[in-house]
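Presented below is the structure to which this report refers.
By written order: A, B, C and D. Residues from 1 in each chain.
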Amino acid sequence: MTTTTLTLAKALNEGMRKAMEEDPKVLIMGEDVGRLGGVFRVTDGLQKDFGEDRVIDTPLAESGIIGTAIGLALRGYRPVCEIQFDGFVFPAADQIITQLAKMHMRSLGLVRLPVVVRIPCGGGIGAVEHHSESPEAYFTHTAGLRVVACSNPADAYSMIQQAIACDDPVIFFEPKRRYWDKAPVDRAADPLPFDRAQVALAGTDVTVLAYGPMVKTCLEASGATDRSLEVIDLRSLNPLDLPVVVDSVRRTGRCVVVHEAPVFSGYGAELAARITEACFYHLEAPVLRVGGYSTPYPPSRLEDHYLPDLDRVLDAVDRSMEF
Amino acid sequence: MTTTTLTLAKALNEGMRKAMEEDPKVLIMGEDVGRLGGVFRVTDGLQKDFGEDRVIDTPLAESGIIGTAIGLALRGYRPVCEIQFDGFVFPAADQIITQLAKMHMRSLGLVRLPVVVRIPCGGGIGAVEHHSESPEAYFTHTAGLRVVACSNPADAYSMIQQAIACDDPVIFFEPKRRYWDKAPVDRAADPLPFDRAQVALAGTDVTVLAYGPMVKTCLEASGATDRSLEVIDLRSLNPLDLPVVVDSVRRTGRCVVVHEAPVFSGYGAELAARITEACFYHLEAPVLRVGGYSTPYPPSRLEDHYLPDLDRVLDAVDRSMEF
Amino acid sequence: MTLDTAQPELIQLLTPEGERIDRPDYPLDLTPDEIRDLYRDLVNVRRIDLEAVALTRQGELGIWASLLGQEAAQIGSGRALRPSDMVFPTYREHGVAWCRQVEPIKLLGLFRGVNHSGWDPAEHGFHLYTIVIGSQTLHATGYAMGIQRDGSDDATIAYFGDGATSQGDVNEAFVWASVFNTPIVFFCQNNQWAISEPLEKQSRIPLYKRAQGFGFPGLRVDGNDVFACLAVTRKALADARSGQGPTLIEAFTYRMGAHTTTDDPTRYRLDGELEAWKLKDPIERVKAYLVKNQLAGADFFADVEAQAKQIGSDLRKACLELPDPPPQAMFEHVYATEHSLITAEQSAFADYLSSFADEGVS
Amino acid sequence: MTLDTAQPELIQLLTPEGERIDRPDYPLDLTPDEIRDLYRDLVNVRRIDLEAVALTRQGELGIWASLLGQEAAQIGSGRALRPSDMVFPTYREHGVAWCRQVEPIKLLGLFRGVNHSGWDPAEHGFHLYTIVIGSQTLHATGYAMGIQRDGSDDATIAYFGDGATSQGDVNEAFVWASVFNTPIVFFCQNNQWAISEPLEKQSRIPLYKRAQGFGFPGLRVDGNDVFACLAVTRKALADARSGQGPTLIEAFTYRMGAHTTTDDPTRYRLDGELEAWKLKDPIERVKAYLVKNQLAGADFFADVEAQAKQIGSDLRKACLELPDPPPQAMFEHVYATEHSLITAEQSAFADYLSSFADEGVS
């Protein structure tokens, strides 16, 4: 039996374990990833089995994590870095944006940086400030990076392996509030290519685009309405799998984009702009965006109001239908 | 006579001088801003006249510049920080995004951070890597920051003063390749409010949106076509002066957005998405975007191909008209 | 790391057994009342902490960062400050907050999730809790530059942990403070752990020595000795006020609890370590001193207990009564000045909310 | 800053007057040939630099960061390396590049604007020029961690300036290198200036002392003394190879030219300073030594001059011939693997370009 039911966190763990078994150059590094197994236990047991040289508890400094990972990659290693929480990726912004993303081009293609930056992202777990951010737009706008987000255990298992195998730097978003969601994972399945979107649910009325934590929310929304929603899990944000999206929107004529990050200047803007250009004569309504408000992430007692939920998704669906 | 012809750099210099004269709490800080007067001489002469306590040559560390500016603001000062070049703002990303932007809300409104972050931005000066970036989208997506860009000497003079007077943190973009452009500046003129867009040229066929360095390019484009372009200088990127933009697009039915930053996930995406939603039934064509490609900024011998120019703006105008 | 704090460089004025040690370089003359007050402080803040941990267990707080074991470091340094000084804390300085007269309930908002902070920094000379490790050290340094420009003899103190010393920001703060000779005390509570990482993951030499590399004094104090922490911080603050610039104080202490209430330290450290540190408890040694010197008797200790208990139950009551903010509060204080996008979103949100009300009516 | 390099801590093996000083702790036995080769290196790299400055004046390069005055620091340290070591330079290490056999013309691409770098780092053991101050120090440290994992006895050397020591990244690199005891030499060329800012804006104590704060050795070498730079770097590299971890070397030198060709140092520093440093010229002292010890005569010096001249004119010629990249090159090497957005943009760009061609035809 190659299929087991795993949590998303465990699927990531098994995916990393497999990559480490197959390639001795794969390293894990980050704060508390070793003995503790990470604050979310995603790297649980890896240091025990692969040793301290391959699963490295680093000093507490994110720029240092990414900067030294770049150096390790230059020496032929494939580091998988954990950023403990989304909000702590910013001290590493310079190393990611000016170094990790640009080195391949800077070297005229001579240098490859197969570095994975894992970022547990998003809200909904009642956390304090800086622990519920959705910083994907900072990275989708940064040429030279690949940006992906997994939404379910099966994808988590395959996508983390694909990310590690990829010769480009990958920003890998993990929906932290879905870490404990379980689903069957078939280890022998042929995974979808890394940069492809997936139609998570076929439908005819409105195309709903989501990724990471919001995929589940959108699927739930679909169960709560009579409208026929086509829910697409984008999986790869940069590059975007435009053909799958355009095909859907041309059929439905309507599109709603859902993410947790603030709408203003967020990734949904790119989706809306690009889809509108590609589907102008097919659209019955403008692409509508549902997301966080243009405020810092609120204290957790307000996060249910801040985060898109079933009602807000359906409200946008209604507005689209009635436009 | 209150009107003089000034370069954009000199207009900024005079604006800062005036602010410093009027308020002893205004400080200038950054690398080489003192004795040298900044690498672009924007702060020329200020240290000589206001002393080393008010015009501070800082250690070479951008996170330190913004971090200590926050501290100075907490003590009642109004620091104006210079980031030497656009590409060097990233070491300060954490202080800007997690601290400067969020402190007011974090404090429930008790703490104000009137900090201005001046960033010479954009390409076109034949510079080496990291000296030609257009990082505005990273900041327009960051709630809690105001983001503005000046495009001409008169605005430079008034907007820098408004930025310094503003009780919110302001990211202030200066189009470095326009530093030496001259125009009359009327010191006694009543400036437009800080957060308003300006119709730089009235027209009827296509609305062209630009800010910073691209305003001049768009005005030049308008001079090279028979089409009647309405060129709007956005000035404020966050907040966006939507009414002025919507009013124009509803009249013209067509819109082209121009910026130097990569198009993908750039600020133009927000403009396109928002305008489409607000003007859906008025649009004869999708909002088209002209910008940098989704590549790192190229070596300078290629920048003329990378940067939007008159031809690329007019090509988009044509595509819009023919859509 | 060695559990033996009997290190030559360690500044200690009160042994774990309650013996007073004389250090002419760190004179400290406390009246019996002052000593009793320190004891009261220690007991009170431990009680506040315990109550908060309990509230978290019961789901009333989302998380809590306990100061257990670090009471002396916080009370000793906190009581060295004067009101007009400015403190830049991390997320664990509940004891310092106590010294700055921040009502305990105000600390809980953040951990309960009703706000990101609950007090007025200017009113208390106590800045907001800072979660992004190390970033407050630069704020403190900038603030100290402001003090210099004001010609005032106030000082700032920046708190941070052993883990934080690895962050670029903290080292940049050292550069700035040194170059501008700012009136600041860097107070590092080395509690031996940064979540699961022991000190060796951050430094191969004692942390107080870091200061040498930046050209200002660094010293290590017994962080479980409230007398020593008070004396050493007083001296460093006096130096700061008199233009002698920054000092780094490493308070050698121990995080006796979990990193936070969501952490499980049994995964990464041995029980024996905790047991050894229990012998150096910061409260017990003051009690021993008071008893040995007959400065306090059963009545006093009973009274202290009672007061602490009262503070605890008041805190619990206030916590249960802490209201959730109204949803619209999300849009408040994003900007200090009118911002059209926020205004628009706020009114759209109000419309959205009222669309449900309509449903209810219809 | 003092212009007097006669400081007790300064390691010097060759005085400005060309006198050899014996330092048993830094033994250096060079054959006459080796000394003549070092002299040749120094003259050659100065010539390359002068030619590049001239090319910039003539508009052939957009900008140039001159190494004038820093030849000894770069040749001395560069010649201490072995081929399999890895160098992480800033943007000014043209002398080190020379030692790593990077053809001079390859350095010019970046400054001419035809590429962001022109050589294969792996081939030369010389990483790309790095412009964001300090970021390469972390890459070097990570690379050194890789060496450790490979069980190799290679070492890395990271170059950076005095100004760079203020950056968080450099200090984080110190933390990492110290904690992991990596085989790395931190080679700081203290040329006294970071653009217009003198050393005092970055540190109030000598920079080599920074290492003390992180628990590894730091030392100051006369950066205008190629013998001393060679000996000191050799020793530090040997320590690195044998598992003794990092060393910080502060090469005390002087930026004799402008920061870059676009800079105007007359705005911020006095002529006298430059004059004083001219007396300590890194090349003159080797010449004096060679002459005094009759290791070289007029023929040799003429030959060196001729070779340098040839290198200069070859460089000039190659520069003028450097082709601009084709516009499509923008889209190359953004990603190592297929990326649909780049593919789409590249083909749209091709269409756009050919729309002009059509115009031409019609």
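In this text, a contact is a pair of C-beta atoms (placed from the backbone, for glycine too) under 8 Å apart; a residue touches a chain by one contact, two chains touch by 3 or more.
None of these values were measured; they are calculated from a predicted model.
A.B. asks: Pick the pair with more C-beta contacts: B-D or B-C?
C.D. replies: B-C
A.B. asks: Of all the other chains, whose mean CA position lies farthest from subunit D?
C.D. replies: Chain centre farthest from subunit D's centre: C.
A.B. asks: For subunit B and subunit D, what's the span in angstrom between their mean Cα positions?
C.D. replies: Centre-to-centre distance between subunit B and subunit D: 36 Å.
A.B. asks: As a quick test, compute the distance in whole Å between the mean CA positions of subunit A and subunit B.
C.D. replies: 31
A.B. asks: How many Å are there between the centre of subunit B and the centre of subunit C, using C-alpha atoms for each centre?
C.D. replies: Using C-alpha averages as centres, the distance is 40 Å.
A.B. asks: Can you give the whole-Å distance between the Cα centres of subunit C and subunit D?
C.D. replies: It comes to 45 Å between the two C-alpha centres.
A.B. asks: Return the residues of subunit A touching two or more other chains; collapse runs of consecutive numbers into ranges.
C.D. replies: Correct list: 58-59, 61, 63-64, 87, 90-91, 94, 98, 102, 105-106, 129-130, 143-144, 238, 264, 293-296.
A.B. asks: Which residues does subunit C have that touch at least 2 chains other than itself?
C.D. replies: Where subunit C meets two or more other chains at a single residue, that happens at 115-116, 132, 166-169, 172, 175, 179, 201-202, 334, 341-342.
A.B. asks: Considering the complex alone, what residue numbers of subunit C touch subunit A?
C.D. replies: Touch residues, subunit C against subunit A: 62-63, 91, 109-116, 131-133, 163-164, 166-169, 194-197, 201-202, 262-263, 267-268, 324-325, 327, 329-331, 334, 341-342, 345, 349, 352, 355-356.
A.B. asks: For the complex, give me every residue of subunit B touching subunit A.
C.D. replies: Per the touch definition, subunit B meets subunit A at residues 63, 87, 90-91, 93-94, 97-98, 101-102, 105-106, 129-130, 137-138, 140-141, 143-144, 238, 261-262, 264-270, 272-274, 276-277, 280, 285-289, 293-296, 323.
A.B. asks: Under the stated contact criterion, what part of subunit C meets subunit B in this complex?
C.D. replies: Against subunit B, the touching part of subunit C is residues 86, 115-118, 120-122, 127-128, 130, 132, 135, 137-150, 168-169, 172-173, 175-176, 179, 332-337, 339-342, 344.
A.B. asks: Which residues of subunit D touch subunit C in the complex?
C.D. replies: Contact set of subunit D toward subunit C: 165-169, 171-172, 175, 178-179, 181, 200-205, 209-215.
A.B. asks: Per the contact definition, I'd like the list of subunit B residues that touch subunit C in the complex.
C.D. replies: The contact residues of subunit B facing subunit C are 27, 53, 58-59, 61, 63-64, 66-77, 79, 91, 94-95, 98-99, 102-112, 143-144, 146, 166-168, 195, 238-242.
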